[in-house]
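Order of writing sets the chain letters: A, B and C. Residues in each chain are counted from 1.
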Amino acid sequence: MSASTAPARRAITPPKRPLPSWRLPVGLAAVVAITVWAGISIEFTLTPLITDIGRGEPVVRGFLDPNWLFIFRVWDAWLETIAIAIIASLVGNAIALVLAFLASPVTNPITPFQKTMKAVMAVVRSLPDVAYGLIFVAAVGVGSLAGILALIMFNIGVCAKLTAETIDAVDPGPIEAADASGASLARRARFAVLPQALPGYLSYSLYVFELNLRASVVLGFVGAGGIGSTIRVELSRFSYENLSAIIIALFVIVFALDAFSRWLRKKLI
Amino acid sequence: MSTITPPRAPGRSFTPPPAPSKLRETIGMLAVTLVFALAVVLADANWPRLLEAPAVLGEFVVLMTQGVLQNPLEAPTNEYWTRSLELMIESLHIAWIGTLIGAILSFPLGFLAARNVAPPGVVVVVRQILNAIRAIPEIIFAIAIMLPIFGLGPLAGALAIGVNSVGTLGKLTSEAIESIDTGPVESARASGASRWQVIRYAMVPQVMPEVVAYWLYRFEINIRASAILGVLGAGGIGSILSALFNIRAWDRIGVTLAVIIIVTLIIDAISGSIRHRIIHGAAPRGVRRRRALTPEPPPV
Amino acid sequence: MIEFRSVTVTYPDGTVGLDDITLDIPAGQFVVVVGLSGAGKSTLIRSVNGLVPVTNGELVVDGSAVHGAKGRALRRLRARVGMIFQSFNLVKRSSVLTNVLVGRLHATGFLRSMLGWFRASDKQLAFEALDRVGILEKAYNRASALSGGQQQRVAIARVLAQQPSVILADEPVASLDPPTAHMVMRDLQRINRELGITTIVNLHFLDLAREFGDRIIGMRDGKVVFDGSGVQADDAVFERIYGRSLTNEDVLGADDVEAAPVSLTSDPDAAAR
């Protein structure tokens, strides 16, 4: 009953298989080549995972026995970290909003100025947060002020880019309506663009705040205050029990903040 | 709620409906201001130094610019440029290997975290693991797990970045899988394909472009992350950066930052155009293409 | 060939999709199922290959029980039942050939299929299937680069490559313009005649149903309310099935390519424009 019992058909010649596009093989070859080069350069090997896993033992033992009290002993460092993150996100995101409006052709018709702003944003974004940390520690000394300033730069980089892209993609209808009613540029931005870009902007802002908590750990390493400084000290003392406690606490805080910002996002948007 | 306005006679003056209450916004603004003020106090920052900062920073910029503007072919500036470039390339290598590890590990995990592939129990567990990884900064992976076993160096950095990338990449991959067109899945299943065959022929081809775009995006982020780990001693541009700041060699710092900026901008541009090509297809040639703008994933 | 014995399908939310259906469809028949939206046409078709599980009664297809079949047994059964969908359900980014080879997956081992190394004989089957629906030269194009009518032919070719004994088609022409719809229906009919594959097609349009159905099954509220030949199914019968008088929307309209001598290898969309 199956189709193979069908009457014999004329022989067919399948079409010639077209030459595959050169892009895929060339791309794959490039990926392999870069991987080999990079692998050799950083002396990639997984053997320590087998041979030296024992060296991780004291670390693991320390981590399994967290010194819970330590979390509270450094409570001021926690407060400092959170304060740094709050200030840096509020200030950074506010500046980012202005920059985003200046960097989008939708809201800034002066092309050379707009292009310059876009380039400035790309440059700001290209430097990693530690670079800013080092610069500001040098400029204003060790402490949380350097951390705040560094995170502000970092936040501008992230938030301004995402917001500018949202502005680029807003629905042109309301803008045309505003133009048709003779609105000035500033009004058009305020009443036709901002309402459309706001949901995106708010969620990027909350997102940046979450990033800040993690980033401030890094910045503490270069002397920019907060819990990162504590982590560095404990690490140099090899007190993995204390480190473990801090990391677990950090984990809980990030999770709680994640939940909080999800809640806030739902409220706001 | 209970007031019903009687129909208005034409020409009579009318009262506009009461504006919606601004109370919520006012309270929100007040709360934000309060939290901000509290943070300013609690941050324990040396605020007066903020006033000196512009002058000091201006001085730094001048010194750095002088370094950048020196003839790059003469000693010792040529040395600065080549050394920075070498280290930046090492950073790229760290980021590349890290991204590759992240991509390889996150791909299967993404499927296990997708509701339309894995059973609910597995999905919940894998998602929590991915969330946990996302919550931990890579620097902690590096110091806590990789350094003791692999020692101080680029390899530890690459592994830390790799493990850390798994969190975001796995999440984004699973979201891409969950949003595929279910039609091809159903037709493959209807023709007697096994579970693996359905994944291979109906799901993977649909998600691959998006997933590769995520990998590239993560590579851009990992370049910055590798600089961070360098400060710890995990190789790459970060290691020289902190050393230079210790000795305040501003001209050399200027050169190093310039290398970071230039290389990062170039890589971002290349990666961005590849991503665009993968998602939106080749340049227009009258062929139907996907119109919708694919939003960038969040830069986790 | 296909035997429904008091088959009832109840969806998890309690909706009764099929209500105590008893039907016997002999081998080689071309059956058209009609009925209003929600009558249970899709449920009837999808129960045949187990996409919708039978909750009560017995359903035997080509000698194998569908009710209660699971895992490998169900897959083996599905391999013998090809299915065509309204929305084509092709992987748009994959080539036409790969889409057709999906129909060979049931006969391809794990390793071979993961690596994409199909047997030459399977590829030959795929080419023959494409040739039969007249789009052999499109084999290496991306599915997304094809017109709707061509995509539905790829779907038919995928089913043919499966070498099924039954073909199910759930509103296969609902997304196509009238001339293309006629051509796709003629493809299905020709395949039914030449290869003797039992075919069940859901249709919305009365004229198509009359033109192509050896047998017409009318459904309403999950029950069979009419079962007879295309000749018996006059307007009064359809009004009874639909429970209302007929409107223009119940017919597809003039088959304007009917008059012209049509070769199946010609591009249906060119003819449509």
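Definition applied: a residue touches a chain if its C-beta (ideal position, glycine included) is under 8 Å from a C-beta of that chain, and two chains touch if they have at least 3 such contacts.
Fair warning: this is a prediction, and the values are worked out from it, not measured in the lab.
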Chain contact topology (line, ring, star, complete or other): complete
Identity of the chain that, by mean CA position, is farthest from chain A: C
Chain centre separation in whole Å, for chain C relative to chain A (CA means): 49
Distance from the mean Cα position of chain B to that of chain A, given in whole angstrom: 4
Multi-chain contact residues (two or more partners), chain C: 80
Per-residue multi-chain contacts in chain B, two or more chains: none
Chain A residues within the chain C interface of the complex: 1-7, 9, 12, 14-15, 17-18
List of chain B residues in touch with chain C within their complex: 181, 183-184, 186-194, 196-197, 200-202, 205-206, 208-209, 287-288
Residues of chain B defined as touching chain A within the complex: 32, 35-36, 38-40, 42-47, 49-50, 52-53, 56-57, 60, 89-90, 92-94, 96-97, 100, 131-132, 135-137, 139-140, 143-145, 148-151, 153-155, 157-158, 224-225, 227-228, 231-232, 235, 238, 241-242, 245, 248, 257, 260-261, 264-265, 268, 293, 295-296, 298-300
Residues on chain C engaged by chain B in the complex (per definition of touch): 49, 51, 75-83, 85, 87-94, 98, 102-103, 105-106, 108, 110, 113-114, 144-145, 155, 158-159, 162
Touching residues on chain A, where the partner in the complex is chain B: 34-35, 37-39, 41-45, 48-49, 52-53, 55-56, 58-59, 63, 76, 79-80, 82-84, 86-87, 90, 122-123, 126-131, 134-141, 143-145, 148-149, 158, 162, 165, 169, 204, 207, 211, 214-215, 217-218, 221-222, 225, 231, 235, 240, 243, 247, 250-251, 254-255, 258
